[in-house]
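Naming follows writing order (A, B and C), and every chain is counted from residue 1.
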Amino acid sequence: MYVELKNINKSYGDFKASKDVNLGIEKGSLVALLGPSGSGKTTILRMIAGLERPDSGDIIIDGVRVNNVSPSERGIGFVFQNYALFRYMTVYENIAFGLEIKKMPKKEIKARVEELIELTGLKGFEKRYPNQLSGGQRQRVAFARALAPNPSLLLLDEPFAAIDAKVRQELRSWLREMIYKVGITSIFVTHDQDEAVEVADQIIVTNKGRVEQIGTPKEIYKTPDTPFVSEFIGRSTLIEDYHKLKGFEKGDYKGAIVRPEFVEAFKSDNKVFSEVMDCSEEGVVTDILFRGDSLELKLNVNGIELTTFRSLERRKVEIGEKMRVIIYRLYAVDDEKAYLLENQELKDKDIKNRRLEAYLYSSDGYFVV
Amino acid sequence: MSKAKSFKGGRVIPGFGLSFGITIAMLSILILIPLASVLFQSFRLSPKDFFEIVTMPNVLYAFATSIGCAFIAALINCFFGIILAWVLVRYEFPGKRIMDGMIELPFCLPTAVAGITLSKMYSTKGEIGGPLYEWFGIRISYTHIGLIIALVFIGIPFVVRAIQPVLEKLDSQYEEAAYILGAKKLTTFSKVILPELRPALLTGFGLAFARGIGEYGSVIYISGNNEKEHTQVISYIIMQKLNYLEYESATAIALIMLIISFLLLLFINIVQIRQSRRVSNV
Amino acid sequence: MAYLKGDERKELAIKTTRRSKPVVKWVLISTSALFIFFMLILPLVSVIVNSLKEGFDFYFKAISTEYVKAALLVTLLATVITVIVNTFFGIMASWLLTKFSFKGKQFLATLIDIPFSISPVIAGLAYIMTFGRSGWAKPVVDYINSTFGTDIKIVFAIPGVVLATIFVTFPFISRELIPVLNAQGTDEEEAASLMGAKGWTIFKRVTFPHIKWALVYGIILCTARALGEFGAVNALSKTRGETFTLPLEIDALYLAGSADSITASFAVSSILVIIAVVVLILRNIFEHKSKSM
């Protein structure tokens, strides 16, 4: 493990920002600290940087306990949420600052800054001041500035928060690409699950000062460990009477979480589903919302409200229309853990139709038909 | 290892110890210890003597004059302060920048110069006092009215400068919303704008009031310092005691004033903290 | 408190102007103009008119007496020392109060503001009670004098005048810097510190450019107040021609009561009035500069 946190606790007055946090990050990985605001993700990042001190526990970077090492000697680069660019320095001066502090010879500074400006595509902007740059350009400068002294660990605090939604998408892939190019171990904080899933190869989900789960985006998405993760990731609705749904039996759970992609709704004359028609139950369309690339249907099934997406390519549906509904699977939760429950009736069925089989067992199946 | 040690404090930005030490040391040596001496000296008096000194008729009258006039002046300043701030923030007209600049004059003009000038202007032979006396028989210099005018002069920048930034930040959408809802101009002002201004207005009032109670240079000429007409202010009494080397009396009276100013300062600070909390909650 | 930027504030003004009734607008503007004219402009004019009552010859004679020259020197000395001390304090205190959070911060800020709300006469009294004949620090000063063979006097001497001036203008510079530093936040300093920059480098390269104009403005304001301080100095300075400052000289001339001496008093005042007007103009220039950034 390149970065390790062991039994970290941290409080601000009565507020516990970190409760017994343990985590490890491997060299060369790109990790997202994901959680709602106030979940303690930023505190973890700031403690690794040395901007905050843990009340107890050890922080280890590259095998060395760094609790008492000053931030500037931990070999980290930090990109602040609003970039904290020096407003009275030009782009060039901003990037050169860290190198000047390290008393690098002028020539080498010039070479390094030029290299970074080239890398980040900021050529032609060297003499500009931060307030003459766009949000995306500022982020590039902050990135270049953090990388200039050749840190071995890059920390980014909500790197996309200050950027317009449209540019954000573009910057995500840019940043991911850059980090792989440079090959630096990186940790970034975000509250946006799309961002975490898209950019990171390892996600650490935090909630109320605790680490809930650590895993690859796919693991987090497909096999959530805890009720919090299953509800936080994806578009989830918590229902209590899950046993009223066809194919599920009541267990010792508090409730269950259903995601739109777990719900299939089709018209009763749909030939594709004829084989599984007897696994379905009736649902009434209560609302239809246009989502741009798809429709969002609200269905009342046995008194339970469910949501599903429907491709625009499929036949038209109307409010009040009676449809057939199958729930493939759901996450049952108790106080501690989340458990994946498959639809029992569907599982027991021996499906002959290859196409339907492939469809039913692909997680994003609803775009296939 | 020394570097690791210096990090023990856990603060990333350097200079806490240094700036804390210097700030506390300078504040103590230059301000707090001298003020504590006043406190200390006044404790040498027995409670009975202390009470006797501060309840002497001329002292009580001086307190009444200082506090009363400062209060009235601060009220007048609130009235004109709102109008001035409003005009300076909300209207565009020729000469606005000069007007805005002039507000600060009382900050920059030495109080003694303001004092003798106002005293002369408002005397029965002065530029303003003359006509007023001839036509209406009103005397201003050497009366409470004169005193109040001097305190209005001193206090106006405090009120205007407290309100102006709040008024600027007050989005005009706010008023437009009230306007669209059908509120009349005056209702909009009293129901929407005035409550928003209240903390700033209180701060400005408090500062002008505090300054007015302790004011010396600008009032001692125009007030006339007449014991019978109760135009002596409290600062004048302290100065008088100092000149007669009656240090015990001076410290006793000063102590009461210190308490008053400290309470006012506390009040202003509480208002400001509340205000910043409210703003940050929005 | 943060002000609006130039163009934003103009927009706000124009918006309101367009919407409001012209009658209300002009009533309010003329009320303001009258107030400013009678309360602020007329006194300025009055000083100049009064000072020139006896003609220019008299004016120049009045402002070049030995007393005035001595007073001018004392005033300048006190002002220079005051500005240096208060600038140093202002930078330290505002750094402390804006870059760190600690217990009792608000209370400390209130303590620093004390000189704002205290009668200047009490400032004078406080130093007399500390260093005067019955003051507790008197033995300390005596001890220093007897050990080092010096003859330091504080009360009723130049050091007292300087101390009183420092007291009265103590919070001026920190008051100007604190809002600017608060608005700027702490993350630029944190970033610099993370890169290993030390205190002085951070201040010089990162913080100072932000507060430059506010500092200049604070120094100007502090200078103006120091030049004009009267009450506190009045309590601590008793010798005309030696420890008198310009405001005390003005007071002495005015209280002498003869028509000539009153005119002379206004003549000396006019020097300070001119300085005040220059300060006002500079203030407007620098305030504009600091806001436009």
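Keep this in mind: contacts are C-beta pairs under 8 Å (C-beta built on N, C-alpha and C of every residue); 3 or more make two chains touch, one makes a residue touch a chain.
Note that the structure is a prediction, hence the values are computed from the model and not measured.
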So which chains are sitting against subunit A and subunit B at once?
-> C
Decide which interface, B-C or A-C, involves more C-beta pairs in contact, and give its chain pair.
-> B-C
The distance between the C-alpha centres of subunit A and subunit C, rounded to whole Å, is 55
If you average the CA atoms of subunit B and of subunit C, how many Å lie between those two points?
-> 15
Where does subunit B touch two or more other chains at once, residue-wise?
-> 12
Which residues does subunit A have that touch at least 2 chains other than itself?
-> 50-51, 71, 73
Out of subunit C, which residues touch more than one other chain, so two or more?
-> 190, 193-194
Complex contact set, residues of subunit B against subunit C = 11-16, 18-20, 22-24, 26-27, 30-35, 37-38, 40-41, 80, 83-84, 86-93, 95, 97, 99-114, 116-118, 120-121, 126-128, 149, 152-153, 156, 165-166, 168-169, 172, 185, 207, 210-211, 213-217, 221, 234-235, 238-239, 242, 247, 250-251, 254, 257-258, 261-262, 264-266, 268-269, 273
Subunit C contacts subunit B in the complex at 1-4, 9-10, 12-17, 20-21, 24-25, 28-29, 31-33, 35-36, 38-44, 46-47, 50, 85, 88-89, 92-93, 95-96, 99-100, 102, 106, 108-130, 132, 134-137, 163, 166-167, 170, 186, 189-190, 193-194, 198-199, 202-203, 221, 224-225, 227-231, 234-235, 246-248, 250-251, 254, 262, 265-266, 269, 272-273, 276-277, 279-281, 283-284
As the complex stands, subunit B meets subunit A at residues 3-8, 10, 12
For the complex, which residues does subunit C have touching subunit A?
-> 187-188, 190-197, 201, 205-206, 209-210
Can you list the subunit A residues touching subunit C in their complex?
-> 49-51, 71-73, 76, 78, 80, 82, 84-89, 97-98, 101-102, 145, 149
